[in-house]
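The structure appears below as structure tokens.
Order of writing sets the chain letters: A, B, C and D. Residues in each chain are counted from 1.
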Amino acid sequence: MREISYKEAITEAMVQEMRRDPKVIIMGEDVGDFGGLTETTIGIIDEFGDQRVLETPISECGFVGAAVGAALAGYRPILELGLADVSFVAMDQIVNTAAKMNYFNDGEATVSLVIRVWSGFRRSGGPQQSQSNEAMFNHVPGLKVVMPSTPYDVKGLLTASIRDNNPIIFFEPKASYPREGEVPEDEYVIPIGEADVKREGTDVTIIALGAMVHLALEAAEKLARDGVSAEVVDPRTIRPLDVQTIVASVRKTGRAVITHEANVIGGVGGEIAAILADQAFTSLKAPIKRIGGEETPIPVSPSLESTVVPGEDDILDVVQALI
Amino acid sequence: MPEMTMAQALNEAHRIAMQADSRVFAIGEDIGDYGGIYRVTVGLLDEFGKDRVRDTPISEAAIVGSSVGAALVGCRPILEIGFVDFVGTCWDQIINQAAKYRYLSGGKASVPLVMRMACGAGLGYGVHHSQSLEAWFTHTPGIKVVMPAFPDDAKGLLLAAVDDDDPVAFFEHKFLYTYKDAVPEGRHVVPIGKGKIRREGRDLTIVCWSRAVHWALDVAEKAATEGIECEVIDLRTLVPLDEDLIHNSVSRTNRLIVCHEACRTSGFGAEIVSRVVETSFDFLEAPPIRVAAPDIPVPNSIPLEKVYLRPESELLDAVHKLTGVRFHKLKQH
Amino acid sequence: MASNKNEEFESGGGVTNGLTEADLLDMLEKMHLLRSFDERVSERCKRGEISGLIHLGMGEEAVAVGVCAAIKPNDKMTSTHRAHGHFLAKGGDPKAFMAELYGKQTGCCRGKGGSMHLFDLDCGFLGANGVVGAGLPIAVGAALGQRILGEDFVTICFFGDGANNQGTFHESLNLATVWNLPVVFVCENNEYGISQSIHAQQKVPHVSDRAASYLLAASIVDGNDVLEVYTASSAAVAAARSGRGPTLLECKTYRTSGHYEGDDQSYRPKEEVDEWKAKDPIRRFERQLLQEGVLTDGTLDEIKARVWKVVEEATEFAIASQCPPDKEATNHVFAASQ
Amino acid sequence: MPKTTKKTETANNLTDRQLKEMYRRMVLIRRFEEVAFEKALAGNYANYHGAMGQEAIPVGACFDLTPEDGTMITHRGLGVPITRGVTVKDIFAGLYGRADSPTRGRIPVYHMGEPKLGVLTGTSMVGSVIPLASGKALANKLDKNNNVVISFFGDGAANRGDFHEGINLAGVWNLAIVFFCENNFYAKSMPLEKSTAGGSIIRRADGYGLPSMLVDGNDVLAVYDATKQAVARAREGGGPTFIECETYRWTPHSTAGDREFARTEEELASWKAKCPVRRLEALLLETGQASSEELNAFDEAAQREIEEAIDWVEKASDPGPEVALENVYV
């Protein structure tokens, strides 16, 4: 099968859905010729025109609210919000409007909205350009939270998200963008709420989110050489979470390590650990461990950044300590 | 000791802090003549004048941002946000500005800002005026999170928060403003970061904060009549967390319930459970239980709101469940 | 309403404007300093010595220098993501600046802030900002703090044209005006918010068209004429100091460099860029000073030599400085951890 | 620069029947406001933001709208859904949070949407509905229909970032929308001059390049005429118009926040003297377009309708707990 990058897979999913459904529109800053901050909308305006690729001013509350209004009227906006950090500026519209409209409307008028955010670390992105705030959205009933790690997953899950009738925060880890992988040319759907076991193992389960999936797989490879068989589970969707798959894996291995780019306190890892403590308690042979960013903003200096960013070594150390 | 409501205790704390330090000022919507939605700032305008008791337009982002700016140049603002539900409108200013300034400046900048926010359901105020969002703040390095459950703590912690050189998110549960209790006179300070055992017990530990503390104490009372002794820990501060207090208690009771009013998923209860599982794993004899609101927006009508406020009714069941079972982990390490 | 231009803000014409020749030469030197640093930073980015998102302000030097010539060292300032010029013009230490971009311990923020988070309380620089429009309410707050502390300073608030469609712009201008605070809002209107022309983002042609909504004094200034910027700023700062409240200055300028290092600038015609390059504020001021006989080729060479030395020393300092120790990464989250 | 036209006079081009219908709606809303406020004070529901004294605005502004046109309200102003055809029975059911209400008791009634009547679902976050309304207008533009949206909000909302961003978007996209500020001069306890730089909301329209009209909000015919012009402009592709109606609420901010400070008795009395309902009544009697018997009949009918609604709603049952858990997701 042909290989394309994570970034190209995103563009392909959007284009195919826009061809399939005239109600799908793109909104955001610089999404026209410039192609958006993520450069994933390059060329789309040429095919679909400026009535389906709407360039907005730098007014995040304004155009998130407007997207909700358009969604209530039957459109399926894909919002390019750029950096995940920018979602803070539009937090009220996301949390108090988008997330609650379905509840207000008794399910009559729905908000089919995909808010694409570019999350996590990239070299010297700095404190307001490197955050992973999925845990905040995970605490908000009415939102779905998706975070694919591979080109294959991102195309299938973005397609599913565009077709979903709920507001979805779609996390695209920066570190995943250059990654290449096999992606079918035709459209396909990966159901929201299904985790994927990226590697099977018997001694420990590493539950990894987004960009950490790749580090976990590399760590698992090294561990294998030391005779440690690690299973790597990628939830892919954070809300709703595929509890069954995750719990089954931990019941099998008896050990759990959870890792994400976000800082640990209040992170999604806490939620997953609490669920495991509740549902896999008797199978646990060791404490559940969490690996995430340091409890700091993200410094710009490359040397400092590398100390706050979780890495493959952290995974190796923790797993070896557990076993 | 005089008895007073939590609102009165907070009012007294404002007065003491503002009398002691001219850099302290209050800012927010309707805090002047109106005295604040919850009457917390009543009388301050007359005593301290409109420069130090600042009524603002409905412009949350500008109100928080300008408090940050004032703090940067040496003031100590006490900001009132009438409903924590509104923080979304000023979230960037809180998360990307207030919380990060000290760090980004390499320690050169200080933002001694107190954000007082009313939280919680129970008054039929509906989706946009009843939420509990403390978990968002706990996930943000650089902000301290305080949630008193009693008037004396409200006073003591607010005075501590004003003294603190970092931004403090100070949550006041709407339902507790009228709760009356004895409050020490004068400059009574309660240190940030210290929880309190409200009731001792040997059978299980209930960790809770804000209004949930009152639920836990009621339940502990009921359980005692059945011979179950619950230890009730009132965290008072979520960040920094008094981990030792929790671990010491769990190492004695070997059982943990975390109870909070906020929605369950990614609530702060998850954080506490996973920390205990991480660090007190060997002491645990049963799976820790989270008692929290279902994952729904807060409904408006009173009977539906009761569904959201389920933790109150579910807590006793959780106590029974936890004391009725005894698991054994496969300890192979 | 094109702009409610206020007579007292009209450029005083003639070169001097109450400035001594030394002042004028100093302003020219500052402009060269800003330009040279941006050139150096650009070059070191390409070499990969400086990482991260870097926003240069080549072509906009007259605004930062003109405004800073009109204020005192203890006056406060908030900035944007395009902050290098503001920081240096306000008196920030060039060595600490360069070290910060290099991510070194000796940087003004110990390597934690970088280009978009420069900060130096000592020179009243209250911070660059990575979030568009986020600096406006903070500036209003600094001015509010002045009111409450009774100290003597005004606050300058730099923002770009892109920020004027953010809610914080509206809330901040309203708040500063209704509270009559000593703040000067300086819009560096460089025509583009990243790739989008300002005209695709708002119906009114000028940012200052919005000032009348608040009965806020405003004027449009040629942002490539350092003296016009200086004159307008002086009047605005005087108004703020004397309790006459805030002013909005819309400085029309243009960044001849890209939005960020690596921007291909495909969204704007090369002719447009060239046209503005022809209006280069530094060359223009030089010509003016040469004509007036304030500047000679000799002194210009000396200025360039001094500037080159400062840039060179700052770069060497940055390179020679230590990387911050790991523990620095977890310091300063809270005051207690200092 | 777009100019502001002051409107108080009206070229009365309405038939007697239309004028009487206006009166019928206004008196119905007035009676509703009276009872809704009193029932809240009596503790039947947590809170009510009364709009008594502002009845001319919903009736005049919405009179010519078609059900395809959208109206968006904030936390105040249930006159809009009423004048658009939502029954007071439904609205009381919403206020009482009964099972058999459009919101099934889950949300404050002012969020209520009634798609078939063009009543858009709003929120109670001050100002945040403005971008939402712009979004509906954007959808109309993309659908290439000529339906119009009216976004109602109060003077307090005019200082929110959402106001700025939502209106700028509508302007730059030339959307078919009318921004309708019901200026009752107080944002909760804060008088306009203390909250609003420049002391004028309508002047802000210039900052977005929008034409604007300042209207006597207690003159239903002036409101009608102004909105008619604005709606016509929008339908013809002329883009948004900003209307500011000066009016006054006779009741405090809400039943929960019922303390009065800035507002004086004299001020209230002066506005009660300008009662919009009486004003239309006087006009109709003066011109002989209606008899007092006819008008009384409308009043009695209104009171009867409300009594029946109350009798029903006070016996109506509350929703079952399962309702709270439904529709969080589709």
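Side notes on the structure shown:
By our rule, a contact is a pair of C-beta atoms (placed from the backbone, for glycine too) under 8 Å apart; a residue touches a chain by one contact, two chains touch by 3 or more.
Note that the structure is predicted; figures quoted are calculated from it, not measured.
Contact with chain A and chain D alike is made by B, C. Seen from the Cα centre of chain D, the chain whose own Cα centre is farthest off is C. A count of C-beta contacts for the chain pairs C-D and A-B puts A-B on top.
Put simply, the C-alpha centre of chain C and that of chain D have 45 angstrom between them. Remark: chain A and chain B have CA centroids separated by 30 Å (rounded to whole angstrom).
With centres taken as mean Cα positions, chain C sits 37 Å from chain A. For chain B, the set of residues that touch two or more other chains comprises 56-57, 59, 61, 85-86, 89, 92, 96, 103-104, 127-128, 141-142, 295-297. Contact of a single residue of chain D with at least two other chains is seen at positions 103, 106-107, 111, 123, 125, 128, 159-162, 164-165, 168, 172, 194-196, 328. Contact with two or more other chains is made by residues 57, 59-62, 85, 88-89, 92-93, 96, 100, 103-104, 127-128, 141-142, 294-297, 299 of chain A.
Shown here, the protein chains touch in all possible pairs.
Taken in their complex, chain D has these residues touching chain C: 1, 159-165, 168, 171-172, 194-199, 203-204, 206-210. Touching chain A in their complex are the following residues of chain B: 85-89, 91-92, 95-96, 99-100, 103-104, 127-128, 133, 135-136, 138-142, 239, 262-263, 265-271, 273-275, 277-279, 281, 284, 286-290, 295-297, 327-333. Here chain B touches chain D in the complex through residues 29-30, 32-35, 37, 55-61, 85-86, 89, 123-129, 294-297, 299-308, going by the rule given at the top.
Within the complex, the chain C residues that touch chain D are 1, 165-171, 173-178, 200-204, 209-210, 212-216. Against chain B, in their complex, chain C makes its touches with residues 76, 78, 107-113, 117, 119-121, 126-127, 129-131, 134, 136-149, 151, 155, 167-168, 171-172, 174-175, 178, 331-335, 338.
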